[in-house]
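In the two complexes below, chain A is the common chain; its partner is chain B in one and chain C in the other.
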Partner chain A sequence: MSAVLADMPGAVAPATTKAIAPSKGGRPWTFYVLATLFAAYVLALYGPMFCIYILSFQDIRGGLVFPMKGHSMHWFVDLFTQVRTGDVKGSFDRSIKLAVIVTIITVVVSFLAGLGFRRRFRGDTFVFYMMIGSLVAPGLVLGLGTGLLFQALGLNASWYTSALGAQLSWTLPFGVLVMFAVMSRFNHVWEEAAYDLGASRWQSIWLVMIPVLAPGLVAVALFGFTLSYDEFARSLQTAGSLNTLPLEIWSMTLNVTSPSLYALGTVTTIVSFIVIGASLGTIVLIQKKRGSRSKG
Partner chain B sequence: MKNDRGDIELAGVCKSFDGATYVVDGVNLKIADGAYCCFIGPSGCGKTTILRMIAGHEDPTVGEIVIGGQNVVGLAPVQRRTAMMFQSYALFPHLTVRENIAFALRVRGQSKADRLRAADAMIEKVRLTQFADRLPAQLSGGQQQRVALARAAITEPRVLLLDEPLSALDEQLRVQMRQELRRMQQELGITFIHVTHTQLEAIALADLVVVMEQGKIKQAGPAREVYAHPHDRYVAEFMGGQNVLSGRVEKVNGSSFTLAQAAPDGIEVPLLARSTVSVGDKVDIAVRRDDVALVRPGKDLPPGCTTSLPSRVLAIEYQGYFVKVMLDTVPDDEFVAYVPEKTFFADPFTVGDVVMATWSTGSALPLA
Partner chain C sequence: MQSSSTPSRSDLAGWLYVSPLVLVLVPFFVAPILVVLAASFFATDGFGGLTPGFTLASYVEVLHSALTLKLYMATIKFTVLTWIFTLIIGFFVAYFLVFHVRNQLLAIGLFLLCTVPFWTSNIIRMISWIPLLGKEGLINQALLGIGVIRQPLEVLLFSDLAVVIAYVHQLTIFMIVPIFNSMARIDKKLIEAAIDAGASRFDIMRLIVVPMSKSGIALGTIFVVSIVMGDFFVVKVMSGGGSASVVSAFYEDVGVLQYPTAAASAVLLTLVLVAIVSLILRTVDIRQEITR
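== the complex of A and B ==
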């Protein structure tokens, strides 16, 4: 008996090591090929942006090309103080406000569309294709058309009217498509269960649908915000006399020849990352809150 | 006036989703207060639709649904005082066990303290106290089922509707939860209506078994009646445990008739409740698989056995306490004998053996 037991570990061990650990010979050659490809892709993706970020930290002697000339925050100060660089603060303000309005409208409308498209209705495919149509229409043309229409109607184009409309033509279809994906994971039996337990329609939306879909709604909001915040083509002919940030940056590329242009790029990137970070943070927080409640 | 009676009457209930085909086609049924009723049938037979109509999630196209003497068609589930347990339980994924169970009280506007106290009492009843703060995703299938049961029961319904409640569980747990359902039903003292497609589940649980096919009730009665005395071929084959044979009536002799078959003397069948048969009629009969005895040719038949059909053994399956022997007794239908284990192994057959399948006259049951 003891002899049998003593033998067993020796007999079993080789099999387990083989099953758990990958073969000692290391990774197959395809791993290195794909890893190189991925590294090249990441470099191509982030390399140009990092050039901008690095060059924005030059000192007063700085130029528009490498090599770096010293390092300081000079061009960031310059960005917000010098008049000749343009209305950075004002356009930044407008862009943020516009993005917030676009986000709110996108989330609300996408959610309602998601509710509406749960069931088939007469003309649903038509509505759907109309929506996709505005997604594939060239942005510049759509913006131009919006501008012309406002002019024809005798309305003044401005960032909070015509530009808002032109941007929504872009963010709404996107938001609705994301919402469809989010909605497809919502089990309609939950609604039925809520109804069975006596919830009104409003209660079932408020107490079941919105909490369950919350992470998806945050994702839609993030989409709406970032799409609006850096929208150029649709805003170009619709923003009226006051520029949004992307338009301001564009006009700066034409007449500003200092690294403060790069400093602006760095600042806007930071803002984008803050927004993305806040959104992801919210999603994590929602999930963590659920997790911690379940422990405690 | 609070009416706690949970007796149900379905009167001429029909349901059509497209106006052309009827999923439920003229169902009449009475279910006593406090009964455990199982609807059974293949998928698409309309059993779930009936359940959803009683629950108030569908309205019948025609007909009345009466609960406790009150026609409930058009009323919301809460007004009917029914509660439903969904097939996959439909627990709210973002709420803990306690919050899930308290949900019905929350939407009624009960204060947080009140509803959580009530929920905790219910949690104790279904033995989930240590899981009260978990999310549904962190529970096993059996625990989820108990949460679903508690969530439905907290509304103090007079009828609880269960849509294939055990189908999401594995075999062992299914047997265990089956007992738990029965225990809860007795504890709550309310009517349970349970939809299933598993025969064993239905006859193990139900006071009233309702067998359905294509929107119609084929037979409704106590479990033992439906299993041992099926009305017709469909019920006999669906409930299982029976061999169904058909043949022409050769002669009618008082209280019994003889069915022409491969047997030298035909098969003698008692008339029982069957009204009339005349010579030449095509008739189905059923013989319980455990009533069939197998004898080697040339040996004496067991006492009382009048029919003996020569057969060849097609296959043998060991089932533990009995052995399933498949035979080619009748040309088109399956014919099986359940031989007790000890009897079988006293003189085991092998595939290809010729045996006589025999049973006593009283075991043959004429079908409609």
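== the complex of A and C ==
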């Protein structure tokens, strides 16, 4: 889905793009209509989220709706100290660890699969459709199947075994699809040149492909981390006795009716934003470094 | 493509590269689906124990219950409504970004602005509607304030409307990205040629933009349809327990350990989903689409 995302700073092509309408002078009326639609969409996208971030900073009298009652960090303290809200700290910890493991595996496996899918081989369509199936299958059903499978094999379900696998069945198809988009922009001439200069297959991957594809690999990592960190349906039946963060949030939505819930929303969003920022920053940095090197 | 003089060797290399992927998908996608399929034929003692065997009792039960029809109708209603709204919004947002924003850097920035929430928690984004739509929420407060209504509207939260709002909020991005992707590849010279040949802007939309965005629309549709049909927590939370979908009923069945019935209903749902997805895939070769 993200040919564009994968290498967006790289996509800044020379300005060949022109609006359909004459590119100078007055805008057609549709511009104003669509600009309004776009603004409304962005407002609806972010507005509700900002409401809960603001509401999470209320003091002890705070409720679930506006108006704001005072300002304090009360509900953040409440979140990490109260027993009644469950094991937020532990689940937070587990979710981060799990997301890191999922990210590493997703990057490596998607990269290899991306290399494999560059050429047709017997059975490639089968593997491709297996992947699409894994992407579109209802998560809860897959999670239950995985849970029952572990039960039948006499294994204990836990976040680092069954939930890890269940999450990979979700992050890998995404990762490989992003890899497809990234690979389609890789110029095979560079690889050929590496072979001509006597590189081994391993050297051409390590010294040519990985550095060239680095921004795309960061994009795959971003997908891996955030999809795992927020994954819910597939983990529900596979996480075993210890909850991951989304499962904790889920149980809170069912029985906590205080701004603690919003505070948790604010905290998880901050983590997501740090990860998104770091990934996009890395991509931009790599591109910049490349730009300066080619000039210098 | 290479000449296939040594097919066996390149086949082997291909399989070697995808083997880690296959090693994950077989135990965590193929096997669980088979387990669910097997469980749908088992009998149950009613306490969560499964008796291996072969009975179609669960299917008979699922297919004979009036509830099944109701659940599918509800699921289809949510799917169709969400699809229509995400398609309309997604198409025009992508159209605006590709054809109306003249500065390409700005277009990419605005595009990123749309995608950022995709990387944050869905559950949090869903509950963030509570302060807006609730009985004492902002929308009711505003409407009461300007005197449009006397009583707060209760239909806003914990209703089918809230469910559709939450879906559209979460899933429009799945339409925007693939449609943006296909629109961005439309050669602008084609459109200039059409203008020169006297096409109206409506003609351009109808004869060039829509047909050439078809694959993006198909891809977005697959994402939206499969996510809505497989969802249960939006329905459960946003309808306040008032509505149910196929998967939310499945969730309740699992909760009371009715595994075979749940499995039978899951198998039926999966078949429906496979049918829909393969119908869509007939119109577009997504592998070609992504790698092009």
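The criterion applied here is as follows: the second predicted complex is superposed on the first by the 265 of 296 C-alpha atoms of A that agree within 3 Å, B and C clash if a C-alpha of one lies under 4 Å from a C-alpha of the other, contacts with A are read in each partner's own complex, and residues count from 1 in each chain.
Just so it is clear, a residue touches a chain if its C-beta (ideal position, glycine included) is under 8 Å from a C-beta of that chain, and two chains touch if they have at least 3 such contacts.
Every value quoted in this text rests on a predicted model; they were computed, and no experiment measured them.
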Joint occupancy of chain A by chain B and chain C, clash or fit: fit
Partner chain(s) touched by A:R185 [first = chain B, second = chain C, both, neither]: neither
First (chain B), second (chain C), both or neither touched by A:T269: second
Most chain A residues touched (candidates chain B, chain C): C
Touching partner for A:S169 - first (chain B), second (chain C), both, neither: second
Contacts of A:A194 with chain B and chain C, given as first, second, both or neither: first
Gap in Å between nearest CA atoms once chain C and chain B share a frame through chain A: 5
Footprint overlap on chain A, comparing chain B with chain C: none
Footprint of chain B on chain A - complex, ascending: 187, 189-190, 192-200, 203, 207-208, 211-212, 290-291, 293-296
Chain C contact footprint on chain A (complex, rising order): 1-5, 8-9, 11-13, 15-21, 23, 27-28, 30-31, 34-35, 37-38, 41-42, 44-49, 51-52, 55, 64-66, 105, 108-110, 112-113, 115-117, 119-124, 127-128, 130-146, 148-149, 152, 165-166, 168-169, 172, 176-177, 180-181, 183-184, 222, 226, 229-230, 232-233, 237, 246, 249-250, 253, 261-262, 264-265, 268-269, 272-273, 275-276, 280
Chain A-facing residues of chain C, complex: 1-2, 7, 10-11, 13-18, 20-22, 24-25, 27-36, 39, 89, 92-93, 95-97, 99-102, 104-105, 107-108, 110-117, 119-125, 127-132, 134, 136-138, 141, 169, 172, 174, 177-178, 180-181, 184, 188, 191-192, 195, 201, 204, 219, 222-223, 226, 229-233, 237, 247, 250-251, 254, 259, 262-263, 266, 269-270, 273-274, 277, 286-287, 290-292
Complex contacts: residues of chain B adjacent to chain A: 55-57, 76-78, 83-84, 86-88, 90-94, 96, 103-104, 106-108, 133-135, 138, 151-152, 155
